[in-house]
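Next come two complexes, and both contain subunit A; in the first it sits with subunit B, in the second with subunit C.
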Partner chain A sequence: MSAANQSTPVPPENAGVEPDIQLRKLNRMERVLGPEFYRIFRGVITNPLSIIGTSLILFFVLVAIFAAQIVPPATPTNPYSIPRDGFGTTPLPPGTAWLRQAPPLPFWWKAITGKDKWFHVLGTTSGQWDIFYGLVWGTRTAIIVGVLIEGLTLMIGIIIGAVASFYGGWVDEILMRFTEIFMAFPFIMAALTLSAILTPIIGRGIWPPTIALVVFGWMSYARLIRGDILSIRERDFVTAARVVGANDSRILFSHIIPNAIYPTLVLASMDIGTIVISFAALSFLGIGTEVGYADWGQLISFARNWIPTLSQYWWIVIYPGIALILFVLGWNLVGDALRDIMDPKLRGQIRR
Partner chain B sequence: MISYFIRRLLIMPFTLFGMTVLIFLMLQLLGPEARSALYVRDIPKNAEVMRGIIIKYGLNDPIYVQYWHWLVGRKDADTGKTVGGILRGDFGFSRSASRPVAELLALRFPATLELTLYAIIPIIIIGIWMGVTAAVHHNQWIDQGARVFSIIGYSFPVFVFGILVLMIFYADLRWFPAGRISDWVAKTDYRQYTHLITIDALLNLRFDIFWDAIRHLVLPAVTLAYTSLAAFLRITRSSMLETLRQEYVTTARAKGVPENDVINKHARPNALIPVVTYSGITIAYLLGGVVITETIFNFQGMGSAAAEAAARYDVVTVLAFTLVTGVILILANLVVDILYAFLDPRVRLG
Partner chain C sequence: MSMQTTTETVRSPDVLLRVEGLKMHFPVYRGVFRSRVGEIKAVDGITFDILRGETLGLVGESGCGKSTAGRTILQLYRPTAGSVYLDGEDLSTLHGEKLRQHRRKMQMIFQDPYASLDPRMTIGEIVGEPLDVHQTARGKGRRERIAHLLQVVGLNPLYAGRYPHEFSGGQRQRVGIARALALNPSFIVCDEPISALDVSIQAQVVNLLEDIQKEMGLTYLFIAHDLSMVRHISTRVAVMYLGKLMELSDRSEVYVDPLHPYTQSLLSAIPIPDPVLEERRKRIILTGDVPSPANPPSGCVFHTRCPYAEAICGETIPAWREIHSGHWVACHFAERFKK
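And then the complex of A and B:
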């Protein structure tokens, strides 16, 4: 954080006079992180629900990082393609021996399972795609897609919101009407449409739904940052920068945005859960990644054809479902705590 | 308030115009071959015929010419009749459903309307009731319960929830059927006034049909509603909490107004103003949610039609559905805003 947020010394005119209020000593963490960030950080790590959330997120991040150690890729050139144990339609229950196309044994396998051959830890879907493999590599897909979409969405949202609020007047008016047009369509419906258009053009994969979710996802950030910039634009340091002769882009990018971006950034990072749900929903509807790609939504979509007998083949929906729910729950728990911490109306009323 | 309305109504044509431009630009991402579905039913088998169609319907004209024809239609040189034109209600042909898109829309719209109505009414009633109750009992068990429900609610993806619900209540317990109507209802002859089965059944005094329709609606309506219910509850709760902290509420309590009156007469009406605005977002969410819900439950509405068309890359159809849904949403939001203006004294008297 900037120097302005560091602990303030006693003002010089009060020198020698005993101050009425004893300024609180900042601890080391507070000095490193800055008081604002420290407050948020402390709120997150002291709220029991958000501790659960953080642990869940951490767990999934670790799985994503060490995916290749947990389950070595079956085809090293394309680790995201789930290996198939044959082509049978009936799902195999958890624990069935893995006969064809099994990946190399991971280091932990013998120690934990005591067997020297792969078996389907969480069973297979119809078509014999291994669910465990799909979930582990799907975690990586989920995090990559979540961060990618969130990053691009934020970038577009921030640029449009910043330009609108900084220039104001008719620029603002036009950009905000533009934003409203994109908001006029139901999100999932518009994203579905654009993915259906893009898939034949750029081929199946994570890109069509990613682009579609970005194109119809940036609007709320544009509005959020616009509001924050509108209030910061009038502050003295902006006038000061202008007086010194800084040009528009310098004022915008090095003075205003860094000071206004903060709430948008923190809140947006917590939307990753929702984004991953939307991505999975598109996959579930059969739009997006190719069949057999390690992606949770697609694993769940295999269950669609088995509904009348699903309780017999429960593992094809329960395991991918649990993974998706826990992932989203993690982000939402932290997001919920963050919203409480950052909401100025609630400030000071949160139980510490 | 009048200036508020004028501004609101002046913006609307711009938004509608922008929406058509956006949809049209997405349409332009397709090649002229795929766009020919706007005017002809079948994909011509040989390239010669296709070229003829492209020239005949001007599918390679400058983009603004095409936009104009897309809006108002164009004269067919052979028959002299006007074809196409979304303003005339002609959205072209759905090649995946092999019928005109407008026909498909008319066929599927009532089902979605019915499902959405049966979802939004419980959302509003239960959401407001639970939200207000949770706020009044702030930090007591009922409030914590509502919080947990709302966090779980929006962490539970609709498609997982829907599949589990189907598995339990349809496949295992056999309490509820899937689809929109039973076969015997489809074969029964009764007068359809609105094409909303529950209402038509009541108008015909056919309670057996009504009961059948309700049984088909329960699972999809619950699935569609619960995520939005969680969000609605959350908004109501926080708005009510904020209102209860206002000074005029303290004043009312201080002068001895009974607590029930403080909540029901002083706090709640004002707390519900932002909730009204939020119901516009809820409608948007539901209209998107039907895509997934209807697909899971095989409920023959607009959402499942759009999903089917999208899965077969029948873009002309999906775009028409998106545009129509967008227009419905714009109108719904207009109603919500007018309602808001009447409810909020700051706007009404401003």
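And then the complex of A and C:
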């Protein structure tokens, strides 16, 4: 802060007389977004890592939005169910003709491939599920699951952390011990168990693993925001708000949370990738969505029986693996960039 | 403590703020069961009046409880004991909404202009917050009031849409002053408002504080550790040591004829900008450190470091007495030091 201040040339002030302050001109974007958002926005669009990250995420978002245009659903009532070309166990290589249950031809098919009929673009996996179809529709699953789980865990974490730190004392003590109990469970094992327990109760689908990942995923946010609120709470500007007579909710919502939430948001953006991996892991272990549901983890799980011969049937892990890696990489790059942008030590450099 | 209070004096028109036996003890908890093992006596029974329109300087070394005293007077900490009367009304008995309403009358200017402004608010929002909280102005009236306040403190109203990080320390302190003025208070606690600023800017901010005091008839409690600045701005000066008041008198009397050994030693530490006089200056150098406020010495809290201490000083707490009109001191031997 002080370093940034020194670098700003300010002419000497004159008390009583209106000082001739020469301030940097604000552009319209900065006026609309406010200083913090503008700084983040500018950082995101100028930092090379974040440009790669955001483009990756943008790419996946576009694929998810236009999934029905890229690959029209094979069964319109249940587009997430991957169509099977027969029941054979041996994976078919990319380029094999699609004989049974082929989806309708998309508009781009002829122009790009020059063929009149579907073929398996990326091959099929064991059980003849089409990998290309699974990847495209699995993008939707990945984004929905990532955002849903992240949103729910973030919400729970922020509520628990904010209540604990704002009220302090015994409330804080109890909530934090509760948080620590949850942290003591090994994450994947606990999520696996809970998901396995929930599956017979609410049926297979994205919900059992989602709930399990939320239940065992909120703790780091609660602890992070609690710590930040505890430090912000003691800052002078909070006292100043109290001096002018602001009530508790105004202080909490317009001073404390807006100043404390950014590190938690950075962590959240980095975690979306991890969550999709955990979700894929649960699917891989068979405790996830129903068989044939368009989900990257599930596609990889079909390769389980072919591990010794993967050099021959490489496409059954390489393509879903690449999708998963790029998705996680995208979120991690954005999270990394956000962390750099928000780092108070780098503030001055980025602002100027 | 020895001061007699009658409702008459509380309501006396000259007295804006009366502090009576104010104590602020912070409990210390330790161990698994968080048992209370003691308390930090940050403010330990102080009594004084602040007259309408005056500036009372409050000085003392770091950790003596000056800032805690200021914050306890504003009821930012609820006092352990004692009362604070503002315009005859006891603030320490008020709670919730009633106390919130009384906050209009008393404001505070903070030491650190970098920490006291919310970095995510524009200076217009910061200055306008008191108006929003008390719903005193809306829409156009609010905007005009903010522009006026910024002008009063010497900032261009066009910059209301700017954020604190775009301003220098002195300009930010002006924003803090504008916020304090927004509700037309009668009393402002200035908690070391200039000690975080460059020397060249200190004078400007002090002059601004003096100007608006004259213009708006404000009363200040000016907390500082810079003795020469306090001498410049104060009407009267109070000296604090380890949570207690040592001496309180008119500025000239405290600086020319200090009756408490602690005040004398503080004043002897002011360098004189004349090498000849500086050479001959007699310094009273105190030995040791300030004792812990968790375990203050018996009797007079200053006796462990006082060059004149006698047996009685370690046994009996000296009375807070008015040795002559308007000159209060807490020392058994104050008469000895009289010139």
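Going forward, the second predicted complex is superposed on the first by the 288 of 352 C-alpha atoms of A that agree within 3 Å, B and C clash if a C-alpha of one lies under 4 Å from a C-alpha of the other, contacts with A are read in each partner's own complex, and residues count from 1 in each chain.
The definition used in the following text is that a residue touches a chain if its C-beta (ideal position, glycine included) is under 8 Å from a C-beta of that chain, and two chains touch if they have at least 3 such contacts.
Just so you know, these numbers come straight off a predicted model, no measurement behind them.
Q: Would you sort A:R250 into first (subunit B), second (subunit C), both or neither based on which partner it touches?
A: Touch partner of A:R250: subunit C, not subunit B.
Q: First (subunit B), second (subunit C), both or neither: which does A:T239 touch?
A: second
Q: Look at A:P48 in the shared chain and tell me whether it touches subunit B only, subunit C only, both, or neither; answer first, second, both or neither.
A: In the superposition, A:P48 contacts neither subunit B nor subunit C.
Q: Tell me which partner A:N259 touches in the superposition: subunit B (first), subunit C (second), both or neither.
A: Only subunit C is touched by A:N259; subunit B is not.
Q: Give one of first, second, both or neither to describe whether A:R31 is in contact with subunit B, with subunit C, with both, or with none.
A: The second partner, subunit C, only.
Q: If you count the residues of subunit A that each partner touches, which comes out higher, subunit B or subunit C?
A: Comparing subunit B with subunit C, the partner touching more subunit A residues is B.
Q: Just subunit B (first), just subunit C (second), both, or neither: which does A:I181 touch?
A: First partner only, subunit B.
Q: Across the complex, what residues on subunit C touch subunit A?
A: On the subunit C side, the touching residues are 71, 74, 76, 100-101, 103-104, 107-108, 110-112, 114-120, 129-130, 133-134, 151, 154-156, 159, 161-163, 165-171, 176, 179, 182-183, 200-201, 203-205, 207-208, 211.
Q: Which of the residues in subunit A end up touching subunit C in this complex?
A: Spelled out, the residues of subunit A in touch with subunit C are 1-2, 4-5, 8, 10, 12-19, 21, 23-24, 26, 31, 34-36, 235-237, 239-247, 250, 255, 258-259, 351.
Q: Would you tell me which residues of subunit A are touching subunit B in their complex?
A: Per the stated touch rule, the residues are 49, 177-178, 180-182, 184-190, 192-201, 273-274, 277, 280-281, 284-287, 297, 300-301, 303-304, 307-311, 314, 317, 321, 324-325, 328-329, 332-333, 336, 345.
Q: Which residues of subunit B touch subunit A in the complex?
A: Listed in rising order, the residues are 11, 14-15, 18-19, 21-22, 26, 29-30, 151-152, 154-160, 163-164, 166-168, 170-172, 178, 242, 284-285, 287-289, 291-292, 295-296, 303, 306-307, 309-311, 313-315, 318-319, 321-322, 325-326, 329-330.
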